[in-house]
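Each chain gets a letter, A, B, C, D, E and F, in the order it is written, and its residues are counted from 1.
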Amino acid sequence: MSSSRVVRASVVQASTPAYSLTDTLDKMERLTRLAAERDKTQIAVFPEAFVGGYPKMSTFGVVVGDRSDLGREEFLKYYNAAIEIPSPAISRIEQISKATGVFIVTGIIERDLGTLYCTAIFVSPGQGLVGKHRKLVPTAAERLIWGQGDGSTLPVLETSFSGTAERNNEVTTKVSASICWENFMPLLRTYYYSQGTQIYCAPTVDARPVWQSSMVHIAIEGRCFVLSACQFAQEKDYPADHAVADINARHPDNIMIAGGSVIVSPLGKILAGPLLGEEGILTADLDLDDCIRGKFDLDTTGHYARPDVFELKANISQGC
Amino acid sequence: MSSSRVVRASVVQASTPAYSLTDTLDKMERLTRLAAERDKTQIAVFPEAFVGGYPKMSTFGVVVGDRSDLGREEFLKYYNAAIEIPSPAISRIEQISKATGVFIVTGIIERDLGTLYCTAIFVSPGQGLVGKHRKLVPTAAERLIWGQGDGSTLPVLETSFSGTAERNNEVTTKVSASICWENFMPLLRTYYYSQGTQIYCAPTVDARPVWQSSMVHIAIEGRCFVLSACQFAQEKDYPADHAVADINARHPDNIMIAGGSVIVSPLGKILAGPLLGEEGILTADLDLDDCIRGKFDLDTTGHYARPDVFELKANISQGC
Amino acid sequence: MSSSRVVRASVVQASTPAYSLTDTLDKMERLTRLAAERDKTQIAVFPEAFVGGYPKMSTFGVVVGDRSDLGREEFLKYYNAAIEIPSPAISRIEQISKATGVFIVTGIIERDLGTLYCTAIFVSPGQGLVGKHRKLVPTAAERLIWGQGDGSTLPVLETSFSGTAERNNEVTTKVSASICWENFMPLLRTYYYSQGTQIYCAPTVDARPVWQSSMVHIAIEGRCFVLSACQFAQEKDYPADHAVADINARHPDNIMIAGGSVIVSPLGKILAGPLLGEEGILTADLDLDDCIRGKFDLDTTGHYARPDVFELKANISQGC
Amino acid sequence: MSSSRVVRASVVQASTPAYSLTDTLDKMERLTRLAAERDKTQIAVFPEAFVGGYPKMSTFGVVVGDRSDLGREEFLKYYNAAIEIPSPAISRIEQISKATGVFIVTGIIERDLGTLYCTAIFVSPGQGLVGKHRKLVPTAAERLIWGQGDGSTLPVLETSFSGTAERNNEVTTKVSASICWENFMPLLRTYYYSQGTQIYCAPTVDARPVWQSSMVHIAIEGRCFVLSACQFAQEKDYPADHAVADINARHPDNIMIAGGSVIVSPLGKILAGPLLGEEGILTADLDLDDCIRGKFDLDTTGHYARPDVFELKANISQGC
Amino acid sequence: MSSSRVVRASVVQASTPAYSLTDTLDKMERLTRLAAERDKTQIAVFPEAFVGGYPKMSTFGVVVGDRSDLGREEFLKYYNAAIEIPSPAISRIEQISKATGVFIVTGIIERDLGTLYCTAIFVSPGQGLVGKHRKLVPTAAERLIWGQGDGSTLPVLETSFSGTAERNNEVTTKVSASICWENFMPLLRTYYYSQGTQIYCAPTVDARPVWQSSMVHIAIEGRCFVLSACQFAQEKDYPADHAVADINARHPDNIMIAGGSVIVSPLGKILAGPLLGEEGILTADLDLDDCIRGKFDLDTTGHYARPDVFELKANISQGC
Amino acid sequence: MSSSRVVRASVVQASTPAYSLTDTLDKMERLTRLAAERDKTQIAVFPEAFVGGYPKMSTFGVVVGDRSDLGREEFLKYYNAAIEIPSPAISRIEQISKATGVFIVTGIIERDLGTLYCTAIFVSPGQGLVGKHRKLVPTAAERLIWGQGDGSTLPVLETSFSGTAERNNEVTTKVSASICWENFMPLLRTYYYSQGTQIYCAPTVDARPVWQSSMVHIAIEGRCFVLSACQFAQEKDYPADHAVADINARHPDNIMIAGGSVIVSPLGKILAGPLLGEEGILTADLDLDDCIRGKFDLDTTGHYARPDVFELKANISQGC
């Protein structure tokens, strides 16, 4: 592909080393370096909660109308595994990006005083942290541990990718992030489309097969590239006392989160993945002109909208 | 399945006998009768433009900046094949519904003075025509021949299905229709979800494989049953002089519209189909309680919405 | 003519140098300079789509129900030939206006994220871009490539023309633009009349003889000066591979758009033109008092209206 | 032309025998009979004020702030020449229609208590008087002698033409009337278009050359047949003491109203006329399908409208 | 008179200095100042069209069916003599009111885009322009030059008059205006009565003796004070080339408008005037309690109405 | 006057012989015969309450909150003087009309079970009683003795006057009646105007000088002939014990009701009267064409109305 409007992009399918921040950041560095060197990638998307961890199967001792002391201890441990913005952990990620030249989008658990947020951050090799997005609605039991984001953290970032050895052009595009079931929120997606997102990042831990349908649908609906990065995690990736599906059948290799990372083009073509049953990196060339080719017959916030019938009012404020 | 909240539903995959209204209505009667008698169905969804026809591959002599006399003649012919509301054709459909006891949702080409609309009508055995929906945005070359609907024809109809021999209960639910690429309009879908649609009918002529992804996604996103009825049409189903993909390789069996009708549950399970390569009727039992089961963890216009961040203003007026 | 309420106005009949933005802006500069120096003109109207081009005879590979890859490539090329507001191209037009002292009204193809619009911009020597109007309803195949404007881009601009050497008075008047078949929209025209338009610009590519009847009618109906600027284009003005009327008889001199630019007074007198068969500039003195003389016996939104019987509700919002 | 949707129509260009009702009705009978027998016409349109007369050049003794006794006498005479609905004169016209089988549209001066109206009546061979339209806004000095119509007399009449010897089909269409400068009222025209007028009758006394432009424009804009019937009148057609343009150069042959009757097709083709310099009857075959062919690319109250931007509120009540 | 509910009011009988706005406003200032200083007046009513002028005897070149170029020029001149709201002329009147402390009701010729209106404005010393009324139906030849007002300009203004040296009370009352023959419109008067008008201003140019009967009748019928201000104008008050009654007997002293200004009490008593044969100011004390005294036995929109038999529907909207 | 549209009309100014029905009817016969023979009159209008009497100065013993026995006796006496419809008294009036050929409009006191009404009856030589009108709102103390009429007795009667010796033409016109202060009810008058009244009869007992202003005003406003017949009554015309203005200065010649009968033309010209200080008959020729001449410039329910702003709803039912 010789187009001058091509960006090489990767999705990283990996688990969080159990509640260890150091191990996690080391792993991020290792994987980013691999994507840069082996795949010559320009942007890498890591899964939801990659930094801080996704406490799959936990209940935090909560039942309706009661909480347990043990659950409070578990929350304290989880709270301590989360990171603040700014913080040394953020600086470390900025260094990884700078060192590798890779634009990083990664899920983190963000600590802000007493509340944790499920956040995606955008880190640029040249400018460091350039934006963050906090998940708007946690799903089910996530509501026990994460707060809600708002209109101040919904960036669609204009981003420039400088030329690589292969392609010495500079490409400017727009990048956004929607975390896990946020991808089922039609108004959020519509807002992102209306801002011109072309690289639609979808960090997740949803590994159900039907997830694939939604990723393809969103690519078509938004005429954008969808980069879904899911965790692949086994029991061994969690602390030894972590909750599991069957407490009577604990095994280090039991799967906790099954993966399914995928890259889809604006016309619904699967460019890479879905990756199942292992950690790994998927890489594809994104010809950004495909967004234009696709909008030729469908632009849901342009010629294919009906603002006279349906108007989306977005309450967006300035944020990070 | 013994639930008292079950409706038996069919999607009909069929072509329009070329521009012949009489043949089309006869075919509708035959197929509805079959669905009623063989499958004991209570609601049948016919494809987009089933009455009036979908002039696939036609250009109506239009190029940018010019129209031809021949194209005007083709439009006149197409105009004459369309039907008005009310009209004898509508009465005939009401009679089919009444005689078979089947609630019919069907695509029609609706004529209103000088403009044609791609419309879906809702016909009840007991009440006759109870609503209509006009497609909001025609796709690509459809814009040459169809006008745009508006906020007066977006019904979500509360509908009661009386008990059958098997299940002598009465079930009340809500039915809506979105035609073809309207299904890619996130704000329209959101509106329908907000009105409580449970039987989301999707008459279409889109036979691309990726269509399946969207049907599954919508079922999940809206926690509703999706009933997509597509045409299956071959060259022989069109007038002899109709445009075809390859004018040098005309053959009666050449496929014009490939089908792909499907029924999906609110959790994304495919209940029937996709049906490919032939005409036919797909039937499935819809346990309406699955909509509730699904909304437990996802209700995009309820607990999973963020009206403080995103508000949908809908300009809806009273209509048929 | 010695009146102190006279404006000298020109319509420019010219083609777009095939998809070349640089050439187009150079041509605009040259023609504006000619109108300024030779004709001492104060306002110049350029045709529809003069910047960006009018892809006459193209189909963009669209037939009912299908699009081709080739068509998507053609759209991408056309998309890239369009301009954004603001952009360097707009700045260039502002410079041309400033350097020549000529108020410019020109058709452009405007790019806004994924959708193109057929737009007319108003550029003042002193203030630069002062307004834009997006065509409300594209005609026929234009609907394949252009979106629809709305009530936010319907300006009727109060404009002052400073004195020239010949006439050192300052004249204030109102200017509007209606593009091509918008001129057949009676409610749009009525709205413009109700806002007091006196210099009614009609950039177009409609070169049919009957167009002349409509221009005269509008002048009479609205008691305004009608300045219709049409393209004159031959095959040589298009890219070599562009669609043509007869692919077997390609010739550089074949006419693609035949012209017919004209200037009409409020009482229906043709002041200049119609110009046929060549590029060129038509210039006339507009005695703005003729609008008042004409409204003596006909003011369709004043003493000749019947607001008790017919009321026009316009949904106008603030815009550029 | 062998189409089964053809109506043969005539416009009658004639003067009113000076203020003589008997002579006028005799003349109407003679001309209708001629159109029926010679031209096999099915509908005939007579000019504005054909019955009652158009007092061209009169001032009725009115200056700003004063009226004269002589003017009041002239008004009394004109008042007595007008007719009521119903009245023997109306019955006579009904008889003419019945006897000839011709649907008649004619301008009359209608007397209603103390006020006169410039009215067009519709008279059917089978049903007699079926509707009337009163001019909404008299022009200039007409305001001294005629009142204003309102929303109760704006019929668009569904009319059936029974088969003739040549064409034994029955054709149903819609007929409207706009009198003289009403044809410059864009909202009135829009209302008629929205009601589906196909035979747009324009009785007039406007004999200026620019009238032709408007007739062509309206046909194109409304995609309807325009039948404009103008008076041709000379000084000898008026009472001997009637006002004339030049009182010092009275001559029986001096032209008072110059004619210009014309029939135009929905695509702007002139089917008959303009007739100048003499009385006479123009006849043409109207293929009503041309209205549909024309609406293919322009339907100003359907697919080519923007009801979200411009809405026409019409205050229409039931009337004759 | 020692009542605390007394307002001192004047009617000003004067001509418009021919088409000169500056002279007219200077004259208004001089006369208002005189009424304030000499008569201690609190409200002054000026005649119809005092600002802008009443073109008595003009025809503007209009005959039935024809207009002349000369007439259009006369209209243009008259148009240019009219004023807009707001405008410097309005500001000047506000300054006159403020400087003198006199509430001014004056006739103006109001320019609104292409149409002129015969308007009465209400100007308060403290608030400036507080309302305007446009004449609903121009009379006879006035229909050639003025448009019609509507329900948006029918104010009945609650007005407070602060105390004067003589009477240091504050009096609140209601003021309305009916221009010239509007005073013959029984439904308009009934509407004003129903809104409680007490100071019924009647600017006019009707100088016929029978005008006095109507003024007395209205005072009785409405139980209100009637303040009729008429112009007194001679040929010398018009431009030299203005139309006159007898072109062969032009004389500067010939009377054009004979005056007849008058002030009448609610029981029909003539408090001042009629003033004939000269310019001048009439002043009287209005004991507002007389309105109540009069309504004891006659309240045509209260105890003396029969709403079960006759109901007045007024279509009133918000306006200036 | 040689017009063929002339009616000769009289107003009769006379008193009611005190409470004597026989004397009253004899007096009516005598006066009618005089008008017929001496004046060749065709229509005669008698005053309000001519039959039955107007109990001027009476209080019927009523004070607020109390009635006296004496007052009840007085009412009984007055009740007995009133007449029913039909009754011998009515027959007698019909005979007078028939014998003299004079159309009679007269005030009567009508007895209908327990209530008296102040009524005007219309009696034709050929058809006898053809209509009646009951006063809608009695004035002041009249409310103690008379009930209110309603929408069933508001006739405007089409009446034909056969030719006389002098003028052997037949004239058809419309006649109405408004009694005393009803003439101040603008909506009632408007209703009569809207029905085309030309001979507007105003039987009254209002003898104040200002009454003359209202009669002139109504003639102008309604463009109708106003025939006001007032009583002329002295103390001797009442029963000896009747209330009087000054009980200490009773004198048979003291004036109780001073007269003031008058006939006014549609342009406000007084054709006869006012008659003061005596009984008598006023006669004038009414040229009905003057109604038309007058409506030329004023028709308050036709061309000079604004039904869009003011609509009169009249609740009229069929009656006598």
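We adopt the following convention: contacts are C-beta pairs under 8 Å (C-beta built on N, C-alpha and C of every residue); 3 or more make two chains touch, one makes a residue touch a chain.
As the structure is a prediction and not an experimental result, all values here were calculated from the model.
The interface of D-E is repeated, with over half of its contact pairs matching by residue number, by B-C among C-D, B-C or A-B. Centroid analysis (C-alpha atoms only) places A farthest from subunit E. One simple way to say how far apart two chains are is to compare their mean CA positions; for subunit B and subunit C this gives 41 Å.
Averaged C-alpha coordinates put the centre of subunit B at 66 Å from the centre of subunit E.
Chain geometry summary: the mean Cα position of subunit A and that of subunit E are 75 Å apart. Taking each chain's centre as the mean of its C-alpha atoms, subunit A lies 95 Å from subunit F. Multi-chain contact residues of subunit F (touching two or more other chains) are listed as 297, 307-309. Chain contact summary for the complex, subunit A toward subunit B: residues 136-137, 139-140, 148, 150-151, 154, 181, 184-191, 193, 210, 212-214, 216-218, 220-221, 268, 297-298, 300, 304-306, 308-316.
Against subunit F, in their complex, subunit C makes its touches with residues 307-309. Interface of subunit A with subunit C (complex): residues 194, 196, 223, 289, 291-297, 299, 301-303, 307-308. Of all residues in subunit D, only 60, 62, 67, 71-73, 75-76, 79, 112-116, 145-148, 150, 315 touch subunit F in the complex they form.
Considering their complex, residues 54-60, 62-67, 140-145, 205, 243, 245, 257 of subunit E touch subunit D.
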